[in-house]
Every structure is written in C-alpha cells, then in structure tokens.
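Multiple structures follow.
Look at the two complexes coming up: chain A is in both, with chain B in one and chain C in the other.
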Partner chain A sequence: MSSEHGQTTGEYIQHHLTNLTYGQHADGSWGIAHSAEEVKEMGFAAINLDTMGWSIVLGALFIILFRLAARKATSGVPGGLQNFVEYMVEVIDNIVKESFHGKNDLIAPLALTIFVWIFLMNAMDLVPVDFIPRFFALFGVPYMKVVPSTDPNITFGLSISVLCLMIFYSIKVKGFGGFTGELLFQPFGKNIFLIPANLFLETMGLVVKPISLALRLYGNMLAGELVFIIIAAMLPLWIQWLPYFAWALLHLLIITIQAFVFMMLTIVYLSMAHESH
Partner chain B sequence: MNPNATLIGQMIAFAIFVAFCVKFVWPPIINALRERQANIADGLAAAERGRREHELSEERAKEVLKEAKVEASKILSLAQNQGDRLIEEAKETAMIEHNRIVQSGHTEVQQELNQAKQALREQVASISLAAAERILEREVDVKAHSDVLDDLAAQI
Partner chain C sequence: MEIEGIRILAAAIMLSCAGVSTAIGFAMLGGKFLEGAARQPEMVPVLQTKLFIIAGLLDAFSAIAAVMGLLLIFT
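Now for the complex of A and B:
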C-alpha cells in the first residue's frame, strides 16, 4: 500500500518501474542511480543490476534444471523431472521440425533456451509485486525491478542476438554475395535504379523483425506488471487478492503465449534466413 | 527507456546459455528420447513377432492334438479287437477244457461203476457160494464149481 511508505500512488508506481542502475554519475563517481535523471546522465555505460541479475539467475536456473535432467537422461523409464524436461524437448523438437526445413543443430536448443528462459523471466510477474523489492529494501537496495522482460534492454538483448543469428546464417547459407544481393535486388528486381528502394525495404524488413520481437514481449510484460502494480497501489489490502488472482490467471496465459511467440518467430525468422528467395 | 550496457550483458548471457544448452543439455536428452523410441519400436515388433509365433504354435498344438486323437481312437479300436479276440480264445479254451473235464469225469465214473460191478459180482459169488455150502452142508469144491459160479456172477 502506498500510504504506508508515505508515497503517492504515482510515486509508488514510478518506484516499481525504476531499475537499479549502476553507472558513472555526472560528477565522475560510480554508483547506483537514485532518480530517472541520474539514470539518463549515466548514458550507455551503465547496467541495470536488478533485471540483469534476475535474468542471469533465471537463465542459470533453466540451465541447471535441464542439465540435471540431461545428466540422468536414459532411454529407460524416466522420472518426474526427466518426464517434464523430455516433454518440453519433444514438443520443441517437433515444432522446429515442422517449421524449419534446413539442417541445423543450433535451432532446436536455441528455441528451448528462448522459450524456457523467457517463460521464467515472465513468470517473475506472478510474484506479488512488493515481495522481492521489500526484501531487498531491508538491505538498503533502493530499487528492484524483478521482471527482466519488462526491461527493454533485456528484450532487445535477446532480439538483437536473434538478428545477429539471422544475418550470420543468411551469409553462411547464401554467401556474402547472396546476402547483399538479397538486400540490393529484392523485392523489385535487378536494376541499378531500384537499388535504393530495394535496400530501404529489405533493410527495414530485417530491422523491423527484432524490434517487433523485443517490443511485443516488452509491451505485454510491462502492461501485465503495471496491472499488478496498480492493483497493489489502488486497492485496499483486504480485497487485493481477488483481482490479483484473476489477473494472475489470465496473465499465466499471457506469459506462456509471449514466450511461445518469441520462440516461434525466432524459428521462423531463422528458417527464412536459411532459404534463398 | 534508457538503453545501456544491460543490452550487451543480456546478449552475452544469451550466447552463453544457448551455447551451454547446445552442448550439454539438448544432445543427451534428445539422444535418450530417440534411443527410447527405438527401444519401444523394437519391443512392439518383438511383441508382434511373439504373438504370431504363439498363434503358430497354437495352430501346431491343435494339429498335434487332432493327430493324437486319431491315433488314440485307432489304438482303442485295435485294443477292442484284440480284447474281443482274447475273450473269444479264452472261451474256446474254456470250452475245450470243460469238455475234457466232463469227458474224464465220465470215464472215471464208468471205471468206478465197473469196479463196483466187479466187486458186487465177486461178493455175490462168494455169498452164493456160502449159501450153497449152507444148503449142501458140506464143503463145496470151490475149484470144481468156480466155473459155474463165475458164470453166475457174470450173469448178475
């Protein structure tokens, strides 16, 4: 509740949306930013400790969980964890087989990593909004944004990595000439006067993909998180559980779908990168 | 939105996690899955083979049973025949034995009868002799009259 902290509702919401950013202050010293202005001053040479940290923790959780199952994986009767992990692997393997027609040993594990990692990051949304920030506040940490996928740095980090892979595989499969040829001579044809138009359209097409990936995930998660924050900020404590529960139920669907969409589009984009037009 | 080094950090983390997943997570799981698929396919094929073999052997067993039944009925009828023959033979033997015994019985009786007749004759002769002695009140010369007496005895 906002009143407990002596914050206005607006301040409460703003506080929840602020990252714990570490960087160089305007006066040259290094430290944690305490306001949006300070964050701006830090520029690019700063890091969001909270979202970065949670992102790595959740990625590590994924790797450890699945590595545990992989170490014990046998062709015999599977146990509980192995069953779950094998189910995920099988589903993703089938999806990749259906939508990706080249031969590439990277795509399926990449898709698995993307899906599970993004799902876990999104799932942080379901932790009641004040739990983790209050806990860290006990240790004097001023800000704590726990849902990594509400930080555009995180979602763009993922989608730009995907863009890099798209360009890498385009060049690997079609050669550098083939890749630049696609940029210069499509979609209008091989004509020297059409090159600017072609280049513009193709570059746009290439750049728009990671932007849409990142913004879709960011937007959905930010909106979901905002609803939780607003529920926590505006409603009296005794009734919060009801809208919280209802929204969490719906949000459970959204976090899964968003993770799935990100994975699916990554597979499709990489599949397109493998095919020459 | 403040773009900062978190972007780079996330890209590095992403690369590391994906690399780890490609190297250490995906292959063991997918291999185990494929191996199990192969195992199950083998098992199903073996079960199918077993089922067919079972059917075949059931068929064979039925045939053997039928043959055995035929054989048994053959043996049974043979035994019946043999038994009949044996009974027949036994009856014949018994009849022969019976006749023989009856025959010998007859002979014996005849012999005894003859002996009894002989003894009776002799006794009659001696009694007659004694009676004649009494009548004549003297000794009869047995030798002189034995011819008569024997003749008499024979007539009795």
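Now for the complex of A and C:
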C-alpha cells in the first residue's frame, strides 16, 4: 500500500520501476544509486545489479533442474521431474524439426534454453510486487526490480545475441561471398544500379529483427507488471487479491506466449539464415 | 495548455489507440479462427498453435504503445 510509507501513487510506481544500479557517482566514487537522478548521472557505465542477479539465478535454476533430471533419468518408471523435462525436450524438439529447415545441432538446445529461461524470467511477474522488494529493503537495499525481462538491457542482450548467431551462421553456411551477395543483390536482383536500394532494404531487415524481438518482450512484460503495480498502488488491501488473481490468470497465458514467440521467431530467423536463395 | 496537460492527453491517445487496435485485431483473429475451425474441425490443433503465435505477435505493438503511454503518465 502506498499510504503506509508516505509515498504518493506516482512515487510508489516510480520506485517499483527503478533498477538497483551500481556505477560511478558524479563525484567519482563507485557505489549504488539511491535516486533516479543518480542513475541518470551514472550514464552508460553502470550495471543493473537486480536484473543481472535475478537472471543469473533463474538461469542457474534452469540448468540445475534439467541437469538433475538428466542425471537421475531412469528407463524404469519416471518421476514427475523427469516426465516434465522429457515432455519439454520432446515438444521443443518437434517444433524445431517442423520449422527449422537447415542442419544444425545447436538450434534445439538453444530454443529450449531461450524458452525456459525467458519463461522463468517472465514468471517472476507473478510474485506479488511488494514481496521481494520489501524483503530486500530490510537489508537496506533501496531498489529491487524483480522481473528481469522488464529491463530492456536483458531483452536487447538476448535479441542481439540472436542477431550475432544469424550473421555467424549466414557466413558459415553461405560463405562470406554468399552473405554479402545476399545483402547486395537480394530483393531487386543483380544490377549494379540497384545495389544501394538492396543494401538499404536488407540492412534494415537485419536490424529491425532484433529490435522488434526485444521490444515485443519488453513491452508485454512491462505492461503486465505495470498493471500489477497499479493494482497494488490504487486499491485497498482487502480487495487486491481479486483483480490480482484475475490478471495473474490472463498473464500466465501472456508470459507463456511471449516466451514461445521469442523462441519461435529465433528458430525462424536462424532457419532463414541457413537457407540460400 | 500547460505541459502536464499535454502529456496526459498524449498518453490518453496512445492508450486508447492501443486498446482499439488490439481489440480489432483480436476480433478478426478470433473470428477467422472460429470460421476455420467450423469448416475443418480436424485442423483445430494446428490452427490453435498458430493462433497463439499470432496472438503474441499481435499483442506486441499495442503493448509497446500502452507501456509508452503509461510511462508518460508515471515518470
């Protein structure tokens, strides 16, 4: 509730949208920012500790969970964890077989990692908004934004990695000549006068893909998180569970779809990188 | 009009456009899905996966617009 701490609703929402940032203060010392102005002064050379921490914790959780299931796998009667992991692996393997037309052993594990990791990061949305920040506030941590995918740094990091893989496999499969040829001659055909137009269009197409991937995930997750924060900020405590529960049900669908769409588009883009025209 | 009022007005336009566009989009998507399902009920599982993918793609731009509008109000 906002009134308990003497904050206005706007301040409460702003407090929830600020990352725990570590960087260089204006006076030259290094430390954690205690206000939005200090974050602005730190500029580019700053790191969002909460985003990094939560995404690494969730990534480690994913790896440990799946590793555990793989080590304990039996050919006898499988347990619940093994069933779940086998189901996930099988579903994603089928999707990759259907929509990826090249030959590459990296794609299925990549798709599994992207899906489960993004799903876990999005699922932090469902934890009540004040729960973890209040806990950390007991130890004097000023800000804590628990959903890593509401930070554009994470989504752009993921999508730019996908762009690098796309360029790498384009060059690896088609050769450097094939890749540049695609950039120079693709939409309009092989003509020396059309090279500038071709180059412009193809470069735009290449750059827009990661931007739309990242902004899609970021926008959806931030919108969902904002609805939760607004529910927590505007309503009295005794009725909050009702809209919270209703939105959580819808949001459960959204977080799964967004993780799925990110994975699907990654597979499709990488498949396009493997095809020669 | 002072700057605060213009900001709220801009946010209102962004939010309402996002709402209208996503409503129209989902209406067309759902209607076409039902049409397809009625014509060929055996295609429903295939169509359903694709429905969800397109729902995710469709949701994106209105969600981005909504976020920009809400950020205009609250920051």
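Operating definition for what follows: the second predicted complex is superposed on the first by the 274 of 277 C-alpha atoms of A that agree within 3 Å, B and C clash if a C-alpha of one lies under 4 Å from a C-alpha of the other, contacts with A are read in each partner's own complex, and residues count from 1 in each chain.
Keep in mind that, in the parts below, a contact is a pair of C-beta atoms (placed from the backbone, for glycine too) under 8 Å apart; a residue touches a chain by one contact, two chains touch by 3 or more.
Just so we're clear, the structure is a prediction, and the values are computed from it rather than from any experiment.
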Should the pairing of chain B and chain C on chain A count as a clash or a fit in the superposition?
fit
With the two structures laid over each other on chain A, which partner does A:Ile13 touch: chain B (first), chain C (second), both, or neither?
second
Could you say whether A:Ile195 touches chain B, chain C, both of them, or neither, answering first, second, both or neither?
neither
Using the touch criterion from the header, give the chain among chain B and chain C with more contacted residues in chain A.
B
Determine, under the contact definition given at the top, whether A:Leu235 touches first (chain B), second (chain C), both, or neither.
neither
Which of the two partners, first being chain B and second being chain C, lies in contact with A:Ala223: first, second, both, or neither?
second
Once chain A of both complexes is superposed, is A:Leu184 in touch with chain B (first), chain C (second), both, or neither?
neither
Just checking: does A:Ser212 make contact with chain B only, chain C only, both, or neither of them? Give me first, second, both or neither.
second
Examine A:Phe260 and indicate which partner it touches, taking first as chain B and second as chain C; both and neither are also allowed.
second
Once superposed, minimum distance in angstrom between C-alpha atoms of chain B and those of chain C?
11
For chain A, what residues appear in both contact lists, the one with chain B and the one with chain C?
none
Residues of chain B defined as touching chain A within the complex:
1-11, 13-15, 17-18, 20-22, 24-33, 35-36, 38-39
Touching residues of chain A toward chain B in the complex: what are they?
19, 21, 23, 39-40, 42-48, 51-52, 55-56, 59-60, 62-63, 66-67, 69-71, 73-76, 85-86, 89-90, 93, 105-106, 108-110, 112-113, 117, 151-154, 156-158, 160-161, 164
Considering the complex alone, what residue numbers of chain C touch chain A?
52-53, 55-57, 59-61, 63-64, 66-67, 70-71, 74-75
Enumerate the contact residues on chain A facing chain C in the complex.
10, 13-14, 17, 212, 215-216, 218-220, 222-223, 226, 254, 257-258, 260-261, 264
